[in-house]
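Multiple structures are listed underneath, in structure tokens.
In what comes next, chain A is part of two complexes: it sits with chain B in the first one and with chain C in the second one.
Our next item is the complex of A and B:
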């Protein structure tokens, strides 16, 4: 994992520690509203009980605290929330346990929407998007994968399919029409 | 659709005490209230008043900053006298708030109090349209136009006075019911106290000590229980249930089922010889399954009345027809297995409902493993386990192996503050009972380690914060801010590991405990739900019984003469329950002291000429007011018993013959309102149409 990738899953409270004092200039007053716009439920209802962190399978492995991110959303600390939310596996266990009926997983998805629109895109997402328009799948086909598939008695992925080129074209048209290419910054890769 | 012709006969009946109605149009006065900025903040009251002045029949329209103030009322009285006003329209708040005020006001000016119509331009207009001033003003004007149209059709009515039976019924024998009954009895009224269990005492009798002072619960409750049972004015109907309540304030007819105890209360002296010989042992509900009792039993030693009860479900005689050892043992011949339930009919003036609460039982499998792990118990179970008269004699043990627990965790907000479970409310007592129980445990076993997992600690009452401080200072009880996420059990030691985020540390913690206590919240009791149906009481969104006004009528219900006290109304601690019981007792005493009450004349009546005697109204009426009788001109006709009618209008709305009329909500009056609303729309639509055509 490269340094650039690390910044997208690093711990939140380390980031917070950099700012000794948080003043109003760092707060985005309508952040909760923006999250709602992108499908997150009202983060203001969160009780900060910490149940979500406790049940989160990611929280157990790395320094990632669901509750902490929701707190930042309530507070309007947008800059801390946008770089780090790609680790959420959207397993929805937080939602299952939340006594306030909030859905933290969907808040994370909303945060990704906002981040991408602000141009904060992790390299691996950009790479996956590029693979999608080039090969019709988010994982780049390579000889190693083909070898394993062959051992398992499976054929090659994609390129051998009779309609492969047609499918790729369709994907490219869709990606371009929905301006996804522009959003993720892969205009050059798309064959119009 | 046209409005039906006015019912001449009944109009005459309703107005017989008044002067004959003049054929001229009534003179109407409109009073628009600003309610400070409550209304004037979003409704242009000046503009509304100007518009109201131009409505037909309106002779004077005024505005006032606070119409309900003395000044505002004086202005109404003055305007009535100066302008010979015959009908008054007050455009202000909800009639639930100030209708009685303005009725009295116009009565002072010599008008019949029922010639008032209140238009709600606050709750139904200004408050809900605070961001659309122009539309709010337009709506207020429309509402007043409708109000004026209805006011023109108002008829004078006479309120009736009914006598009040100086007897009270208290339902529920917990601390609230006991206190209410004692207060009423001490005021000199006859009181019947109905309790569904074999003994009074309620949940308080099960508790060990009370927060924040540490008084022994049963020690302070038992004297009250005994006082109640010996009070000459109180009849205690234990092991009984209210089956049916009919009637209205001052004149309730109550049917009570005295469940058969199979022991004659007058003969039983409570010696316990019967229980000694009884061969059946079952779980004692009073000890929540931890202790045992016999099939003939008193639930606890201080029970009142101290009369034994045969548990029909478990008694050998009822199963096999044999045994009867208890009968042989009883020297007073008190036991009678052939006893039958008894029905008692009472005439009651006022009713106090004190049906209490049930604790939340964590039913959902998986949540805090209550059903899976032996060493996870509820707060109420802990009360029995630390209670000197409990199944362990006050020695706290782990259910799995009977050993004293060294490490104990409390988990707060179980079944409270949880939108998913529909228990959005705070149960108010769990923080303090957990803290109090932690103190008791530490006093017994100072070596114990205690941790309390909480979201927020609510120590709001007198002496509560001080206890919260003491528990940290003296006993070093640890408070962990975080809702536990996972409980797991060590299969051999049966110790429980709690995983939770310590939110203040930003760390996920995993700690092992010997015993986990779930601080379960409070829920409306089954009895409350049952009684609410019998008495037609409304409930709040949380399921507890609703008070008439959250601030100003906290012990009243929407039903006159019925009051609520204690946890039936909502979760509360003992001091609050007792305070509310005393308030309910004094409220219930008021009409019994004055011996009579005024009953609203807004009831339904039947026009016999139109009635075909179909009986639909009888099926639909929630109060049992209509009956089928022989009509004055023959034939089967419906007749509304006015004393039972609440004026809800269900019968009038459903009558296929339009034979039933609800006073002050007659079809004529309602159609006038509709016509006033639609006429305006028609005019404005016409105008718009014209504008469109021009363009």
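Our next item is the complex of A and C:
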């Protein structure tokens, strides 16, 4: 696995090895509040039952334990939880099985919100956002596929039409209005 | 009968145009002749794994922009992708909250748009009543609005002897606070369509498991996504299926691409609309199987009875 993957996946296992001492200076007391701000529910209601980890398809494959992440959120161990939370497939199984109705998937999404605001932005976010402001689609148009579209008698995709410039302009205005361009670092691409 | 507007999203037009052809053909004059229009100004839904994950305000704005276009047409949005369904359906619910709606409309005003929902004919006095824009999934629309009997009647070339492994995809089923059209623990709709087309839907272990691609996992760590797909494919192979049928082009993309990394030949994957079109007698050449990585050759031979 490459260096980038290590940065973004690395489990909590090494970071929270048993002999490691965590003092108060590492805790962020209002971390639960920050999670709430970005749409997560109150992590303090977590019972630590572990159902979320049990049903998580990703936890079978790598060192990614939903329950541990929620525990870290309760403590306020912000720096351990931010870099690593980009592997949730948002399948919402944990949500269905959570007896505390916490919706751990939404907590992961809130953690991503916080991470992005701390400057931890995986490259695929930038790539997709760039495609959106350039073509109006998150997937880049492909010349080969265009040929096949023509053979099938399907029209050109939106971005190939001159009238679609209006749509791209509208998207640029919206992305600029929320300062999303600045947030993920695609200011050069946005014309507003 | 309801009227719809096509919402193909990003993956179908730019990666699997055959699905777009199949959907247009099945819903068009030669198929069920539904009242569906195009809306050329639609953009990306936007994809939940990127925008809903990083900034909910931007996500809601971009989704609302699409919803306004459908609202002005007074039509239901017909999505063909689980991701588009999840994103737009969630957005209509977010917009029910007055705070969100106000905030969104204040920015949408910059591009001359306003989301209100679709005005209903009201009988009481002059007060206008607005209903949120309805967002539908192709599969659900087929089963509920067209009906299984009609699908069966149109399947002039039933796909006998074909064993199909159905994959629903997470965002067709969950979270259940948004999705109530099919049973999240025992979904049936795609299986019903497959059976109505004359094929047999085989049961396999962990049928409702994730394909591994969602939430940005595929774009982020493709090996992790592929290892989940490998587990699924092993179960599907054990059940002896001839093909995988799904209602989501992103799951399809994952199955199709991931199999390159671990399977020699692989199991062909197709969208439920492509299977329907085959059963209704459309020539496979029009279904764009050449854009799929796993060859559908042996599968198509079996359909022809060779």
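We adopt the following convention: the second predicted complex is superposed on the first by the 166 of 192 C-alpha atoms of A that agree within 3 Å, B and C clash if a C-alpha of one lies under 4 Å from a C-alpha of the other, contacts with A are read in each partner's own complex, and residues count from 1 in each chain.
The working rule: a contact is a pair of C-beta atoms (placed from the backbone, for glycine too) under 8 Å apart; a residue touches a chain by one contact, two chains touch by 3 or more.
Computed from a prediction, not measured in an experiment: that's the story for all the values here.
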item: Clash or fit, chain B versus chain C on superposed chain A; value: fit
item: Partner chain in contact with A:109 - chain B first, chain C second, else both or neither; value: second
item: Apex chain A: angle to the C-alpha centres of chain B and chain C, given in degrees as a multiple of 10; value: 90
item: Which partner, chain B or chain C, touches more chain A residues; value: C
item: Touched partner set for A:30, first chain B, second chain C, both or neither; value: neither
item: Partner chain in contact with A:171 - chain B first, chain C second, else both or neither; value: second
item: Which superposed partner A:49 touches (first chain B, second chain C, both, neither); value: first
item: Partner chain in contact with A:65 - chain B first, chain C second, else both or neither; value: first
item: Superposed arrangement (fit on chain A Cα atoms) - minimum chain B/chain C Cα distance in Å; value: 8
item: Chain C-facing residues of chain A, complex; value: 1, 5, 8-9, 38-39, 57-58, 61-62, 86-93, 95-96, 103, 105, 109, 112-113, 116, 121-122, 124-125, 127-129, 132, 136-142, 145, 148-149, 152-154, 157-158, 161, 163-164, 166-167, 170-171, 173-175, 177-178, 180, 183-184
item: In the complex, chain B residues that touch chain A; value: 413, 417-421, 455-456, 481-486, 499-503, 506, 508
item: Chain A partner contacts - residues on chain C that touch it in the complex; value: 10-11, 13-15, 17-18, 20-21, 24, 40-44, 46-58, 61-62, 65, 107-108, 110-111, 170-171, 174-176, 184, 209-210, 212-217, 219-221, 223-225, 227-228, 286, 288, 290-291
item: Parts of chain A lying in touch with chain B, wherever the complex brings them together; value: 13, 47-51, 53-55, 59-60, 65, 67-68, 97-101
